[in-house]
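Below are two complexes that have chain A in common, paired first with chain B and then with chain C.
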Partner chain A sequence: MSTIGQSVRRTEAPNKVTGRAKYNADTHGPGTLWAHLVVSSEAHAKILRIDRDKAMTMAGVKAIVTGDDVSLLCGEVLEDRPPLAKGKVRYYGEPIALVVATGEAEAMLAALAIQVEYQKLPVVHTPLEAMRPDAPLIHENLGHYAIAKPPISPQPGTNIADVVTLRKGDMNVGWKSSAVSIEGNFTLPSIDHAAMETRSAKVEILHDGRVIVHTTTQAPFEVQKLLSQYFGITQGKVIVNAPLVGGAFGGKATVQLEILAYLASRAVSGRLVQLVNSREQDFKTSPVGTGLQAKIKLGATRQGKLTVAELTFWVDVGAYTDSSPRMARAITSDCTGPYRVDHVHCDTYCLYTNHTYATAYRGFGHMPMTFCIERAMDKLADRLAIDPLQLRRLNAIQPGHTTPTGVTLNLSRLGNLNACIDRMNDLVTKPPGQVTRVAHRVRATGVSCFWKTSSSPPDASSGAIITFNQEGSMNLSTGTVEFGAGTKTTSAQILAERMDMSIEDIHVHTHINTKVDPEHWKTVASLSTFMVGRAVLDAADDAITQLKSLAAVVLRCASADLAVGQGRVFIKDDPTMNVAFKDIVHGYQYPEGNAIGGQVIGRGTYIVRHLSPLNPDDGQGRPGPAWTVGCQAVEVELDTSDGTYEILRAMTVVDIGRLINPKGALGMVMGGMCQGLGYGSREAVRYDALGRLVTDQFRTYRTMRLGEQPNYQVDFVETPQIDAPYGARAVGEHGVLAIPSALANALARAAGVEIDSLPATPEAIWRLGTEVQA
Partner chain B sequence: MIPFSFEYHQADSLEEAALVYQQIQASGQRPIYYGGGTEILTMARLAQIHFDAVIDIKQIPQCQRLERADDAIVFGAGVSLDRIGQANLWPLLSQAGARVADHSVRCKITLGGNLAGTLPYREAALPFMLFSSDAHGLVFGLGGSRDVPFKELFNGQLNLRPGEFLVELRVAQFAAEVPALSVKKTRLDWVDYPLFTVAMVRANSEIRVAFSGVTGCPFTSDAINRMLNAAGSGDDRARSAVAQISDPVVDDLHGSAKYRRFLLTRTLADMLAKIEE
Partner chain C sequence: MFSYTTRQSLILRVNQDALTVTPRPSDTLLYTLRQELGLTGAKPGCENGDCGACTVIFDNLPLKSCLMLTAEAVGHEITTVEGFHHTALQDAFMDHWAFQCGYCTSGFLTTAHALLTRHPDADRQTMVEWLRSNLCRCTGYQEIGDAVWSVLQAGQT
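And now, the complex of A and B:
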């Protein structure tokens, strides 16, 4: 029986739900030392003095490291970040010093005893403030930073870390052929990944030169590469272990605590040191998800056909760039939303502010980008008095159209957005343009569409290795980390399908060890099913070739006569003539004792093809192998008298290519929708007037709680992506993308106000309502 | 983790608790009384408070009373808000307590802890404030026990002498028999800190209210009560009542002062309509 299309329980589920699964900070080796961070209490200040004298004398303290002890700048694109602040601090919560002690309490107490003297500097609060010519400079040395991975265009003497330019078509033609235009200004806050497991790292430097790392990461191979590069260690001596990860959402694709834990271990002769973020530090010290400001102008014909789009995004990268320049390119690549627009002008700025630095967050910039374009689409629908869903249907991008970066689409690369919109049209039951009013309670539905491609490096690659147990069952080793997305289960399904075996006979290696597991670029960008799946298929084919070649000898036939299935190699036209895997996977032994063949080891690889970085002049290029498209809707009931509301229903139709694990996909999409509702309605990283982060606990950083979820409806369209394993499209991030805008569109329609910033709290709606009345 | 060491004492009697407190203090160390621990532990984790010993008083039998006695209802200071709600001897107190934190936390937070904590809300005090002439508290210290009228015991926060702790609160039985309401408003979530909580009773056709979260600590005001009992529509009375609040209204992460005033007016009007039905 085929396992593709069957709901398969996640391989790691039994241990997770019974509490037996071990996460990184759950295990402590004997003799482990503890590190604790001293972090900045200012958002922007010169460091005048760090007094560690008292702390050094305290019980259990082994070492104290400060920025003065380290000459290193880090950053995956631009090397602008000292692991420990040097000379100045650029955000509240920035690491300043690292205490290493015999125990957690000793380290904490000593950290509390370290006095830091600051000289405050003026604070930059928003990206638009950062753009001002008279804005305080956050990086005086911007012109001198090394570029680790181009492209990036820093503008020395400003707070502009990067600019991405996209030009498509001819704006004059676009505006001339338009009959109506709308403009919108949008402001979205930074958000936190708020994963259940806070970030942690353990590092030990052995006397033979090996560096053993255990970390909560989506990118173990990136950790290996960067530690090797930053500290001049042969890559082979850096061994990174990534156990199960308790939620990541992009926040663990960055490398931060690993570098600090390495510095800590180095300061104590390489002893094993553990550094674990408290929840508060996870909020304020480790990177957040991007906030941005945007201005969007759309032009369209009177019938509603988009003719032109002019977009500017000011991305709040916070104090350091991390992956923001790549994210800015991802935003730019898909800036029009999934609509055909022939004339596009987009400028995306990465701006330093005195906020917590940003990194990838589920959707890689697409959630805030989608919010802006989808709010703009609703404004256009209002202007034209066209039903919002119809306007989207009219403009939906289709095979034969080109993306903003000039990629010509076909059905395999794009999927079928029209089918998603049509399915949504059935789900919403009533045209979303209409509202139902009973006294001051108003029901309305908001809709939004999304698209996303991977925006991954053009040389991202993946590997898979298959070994066999003597009984004939298989072990599968890949480089993806399991953080709840079910990538291990999906790869097991893909292997089971190709081998025509039960998934019970596939044993997946869940913990990654960079020394033995083949590299997968990073477990990000919803690419795992595609890339790892392709590598697994390649490895399966390699194993099948070996199995057939040995079986051909045993069964005295040609390889071409053979097929595999149910743990056997058999003759296609007479399956009764067969040999079991168990008799050949570790070599075949003749009855008299002679043996031939050896262990069967399948190896497979995949490297993405035909991708190219965006051209710096016009942004043209190919950012990813394929897109995933979909349509989402949210139905609300709003009390117009005070802005309070209830989210009744949230709906998603997504073109998933091919459903490999239906319940797995459903959970993935619903989880994304829940996260999107949180972002739309309540989540925001907030700072006070001095730039100090005030939402450093779940008491103040509000997420959706159990019981607050509305009714979810998820439906799938299946338009296979031909080059993907069994046609399956990327769907990991996508559930989140258009939910905040759908919610805002619904609330805006119900309240009769323009909701162009988030979160859409009752107070915000009430305030907008009173402004409208005034 | 809590980075410092401390002693844990579980007192079996009122006398033992007070004695241990005194002994620890005499040895130059800092003791604190301990109920549910939800605040002490979370603050200690962040080194926001320091102590050398905790004296757990919630197992003391007198602190565990939850019963009707004569014509009063007795609530031990060591009883959890969840248990108070389950027993439901005083629906108004159950209602006010039921919206503090979340269920897991309410199973720990004690009545005494809610009143003695550093968070300014202290919602469990609101019902007692509305019956302050008919409510009393029993406190215990080295000098023995003191019976204190609620009005003197609590004016936004507990007034205890050094070394004293709250044993129980009592309210006249009739308090449980008059129409009463408690309403909590939040920024958005059901479980969150309050924008405010309002408790309202109608006794002898006179309306009284008590507020938490509006200006800081819980308060009642004769002037506001007068406005609510004046002639006029509910909306008008609510508006004049809120206009009486002269102290600065809380303006924080959860909501602006302006929104609080607006929502409070609406809430009072809704509550008046309900209680006067």
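And now, the complex of A and C:
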């Protein structure tokens, strides 16, 4: 029976329902030292003095490390971030000192005794404030930072860390051929990943020079690479372990605590040190998902055909760039949303502010980007008096069209957005433009479309290794981390399918160790099924070739006459003639005792192909292997008297290419929708007037709770991506992308106001309504 | 009333075993379960009572073990997720895909288990009120509700 399309249970499910699944901070031996961070209580200030004298004398304290002890600047793209603040602090919660002590309590007490004296500097609160010519400079040395991974265009003497420029077509032609235009200005807050497991890292430096790291990461190979680079250790001596991860959403693709834990261990002769974020520090010290401001102008014909788009995004990167320059390019690449627009002008700025620095968040900038373009589309629908779904159908991007960066699309690369919109048209039951009013309760539906490609580096690669147990079952080793997305289960299904074996006979290595598992670039960008799946297929084919080669000798036939299935190699035209895996996978032994062959070890690789970085002048290039498209809708009932509302239904139709695991895919999409509703309705990283983050607990940073979720309706279109394993498209991030905009579109329609910022809390809606009446 | 001011040996009843622990007076039950007893199913999601990932069953009530001192647990019966073996609830969570990363799962299982014990006749609204105490960041919550509801319904027929 085929495994593809079956909702097989997660490989790690039994351990997750018994408390036996081990996450990073669940394992610790006696003698482990604890590190605790002293963090900034100011958003922007000079550090005048750090007094550690008293703390050094306290019980159990082994070492205290500050920025003065470390000469290092970190950063995935631009090396602008000291692991411990040096000379000044740039965000509230920034690490200043690291206390290492014999126990957690001792480290915490000593951290409290460290006094930091600041001289406050003026605070930059928003990206647009950061753009002002008279804005306080956050990075005085911007011109001197090393570029770790181009492209990036920092503008010294300003707060502009990067600018991405995209030019397609001719704006004059675009505007001339338009009959109507709309403009929208949008402000979106940063979001917190709020994974249930806080980040943590453990590091031990052995006397033979090996550095053993255990960490909550989506990118163990990136941790290995960066520690090697930053501290001059040969990569072979940096061994990074990534056990099960308790939720990630992009927030664990960045490298932060690993560097600090290394510094802590180094300060105590390499002893094993663990550093675990409290929830409060996870919120304020570790990076957040980006917020942004944007201005969007769209032009269209009377009939509603888009002719031109002029877009500016001001991305709030916070205090340090991290992966934001790559994210700015991802935003720019897909800036029009999934619509055909021939004339496009987009400028995306990465701006330093005194906010917590930003990193990837599920969708890599596409959720806020999509919000802006999809709100703009609804404004255009209103202006033209066209049904919002019809407007999207009219402009939906199709095979043969080109993307903003000039990629010509085909059905395999793009999928079928029209089919998604048509199914959504059935799901929403009545045109989204209509509202239903009963007294002061108004029902409305908002719709939005999304698309996204991966924006991986052009050389991202993946590997897979298959070994066999003597009984004939298989072990699969890949470099993807399991943080909940089900990548281990999916890769096991892909292998089971190719080998025509039971999934029970596939044993997947869940705990990644960079020394033995083949590299996978990073478990990000919804790419694992595609990249790892391709590597698994390659490894399976390699194993099959070896199995057939040996079986051909045993069965006295040509390899070409053989096939594999059900743990056997058999002759295609006479399956009764066969040899079991168990008799050949560790070599074949003749009855008289001689043996031939050896262990079968399948080796597979995949590297993304034909990608090219965006041209710095016009942004043209190929950012990802394929797109995933879809349409989402949210139905609300708003009480216009006070702005409170209920989210009744949330709907998604996504072109998934091919369903590998239906329940797994459904869960990923619904989970994404739930997060999107959180961001749309309540979530925001908030700062006070002094730039201090005030949302550092779950009672102030509010996520969705059980019972607040709507009725979900999820439907799949299946247009295969031909180069993907069994045609499966990326889907891990996509459930979140257009939900905040669909919610805002619904609420805007119900309330009769423009909702151009988030979160759309009842108070915000009530205020907007009050302004309309006034 | 009792008081103690330094580390002291106590006996806890956990998963039907009598276990000797030596906590500091300030140690929470969560800390002792994890650090002294190796029962790491209960998770430190916030250590503030907001997320419910550390929930254990205290006599018959679900209780956030980050909000209770170890000393307060003496004389009570504590059940952690490690105390469940092949229950219908665990199967339902697997079949309904009621978790992704799994970090919140122990807390949802203990909360739901206590609900099934105390209110086997719970209606859907009661179930939702109980499960609202716990946070999940991965699922859409529907999967968790459906899993628990399936077991409630099976017991009610």
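Definition applied: the second predicted complex is superposed on the first by the 774 of 774 C-alpha atoms of A that agree within 3 Å, B and C clash if a C-alpha of one lies under 4 Å from a C-alpha of the other, contacts with A are read in each partner's own complex, and residues count from 1 in each chain.
One rule holds in what follows: a residue touches a chain if its C-beta (ideal position, glycine included) is under 8 Å from a C-beta of that chain, and two chains touch if they have at least 3 such contacts.
All values reported here derive from a predicted model rather than from experimental measurement.
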item: Which of chain B and chain C A:673 touches, first, second, both or neither; value: second
item: First, second, both or neither for A:112, with chain B first and chain C second; value: first
item: Partner chain(s) touched by A:406 [first = chain B, second = chain C, both, neither]; value: neither
item: Partner chain(s) touched by A:641 [first = chain B, second = chain C, both, neither]; value: first
item: Partner chain in contact with A:681 - chain B first, chain C second, else both or neither; value: first
item: Most chain A residues touched (candidates chain B, chain C); value: C
item: Partner chain in contact with A:5 - chain B first, chain C second, else both or neither; value: neither
item: Partner chain in contact with A:705 - chain B first, chain C second, else both or neither; value: both
item: Which superposed partner A:169 touches (first chain B, second chain C, both, neither); value: neither
item: Partner chain in contact with A:616 - chain B first, chain C second, else both or neither; value: neither
item: Doubly contacted residues of chain A, that is, touched by chain B and again by chain C; value: 105, 699, 705, 707-708
item: Interfacial residue positions of chain A with respect to chain B in the complex; value: 104-105, 108-109, 112, 280, 641-642, 644, 681-682, 686, 694-695, 699-700, 702, 705, 707-708, 761-763, 766-767
item: Residues of chain B defined as touching chain A within the complex; value: 1-5, 46-47, 187-193, 253, 255-256, 259, 262-263, 266
item: Residues of chain C defined as touching chain A within the complex; value: 24, 26, 34-35, 39-48, 50-51, 53, 80-82, 84-85, 90, 93-95, 97, 99-106, 109, 128-129, 131-132, 134-145
item: Interfacial residue positions of chain A with respect to chain C in the complex; value: 7, 9-10, 12-23, 25-28, 105, 193-198, 244-249, 278-279, 483-486, 663-664, 666-668, 670-671, 673-675, 697-699, 703-709, 712
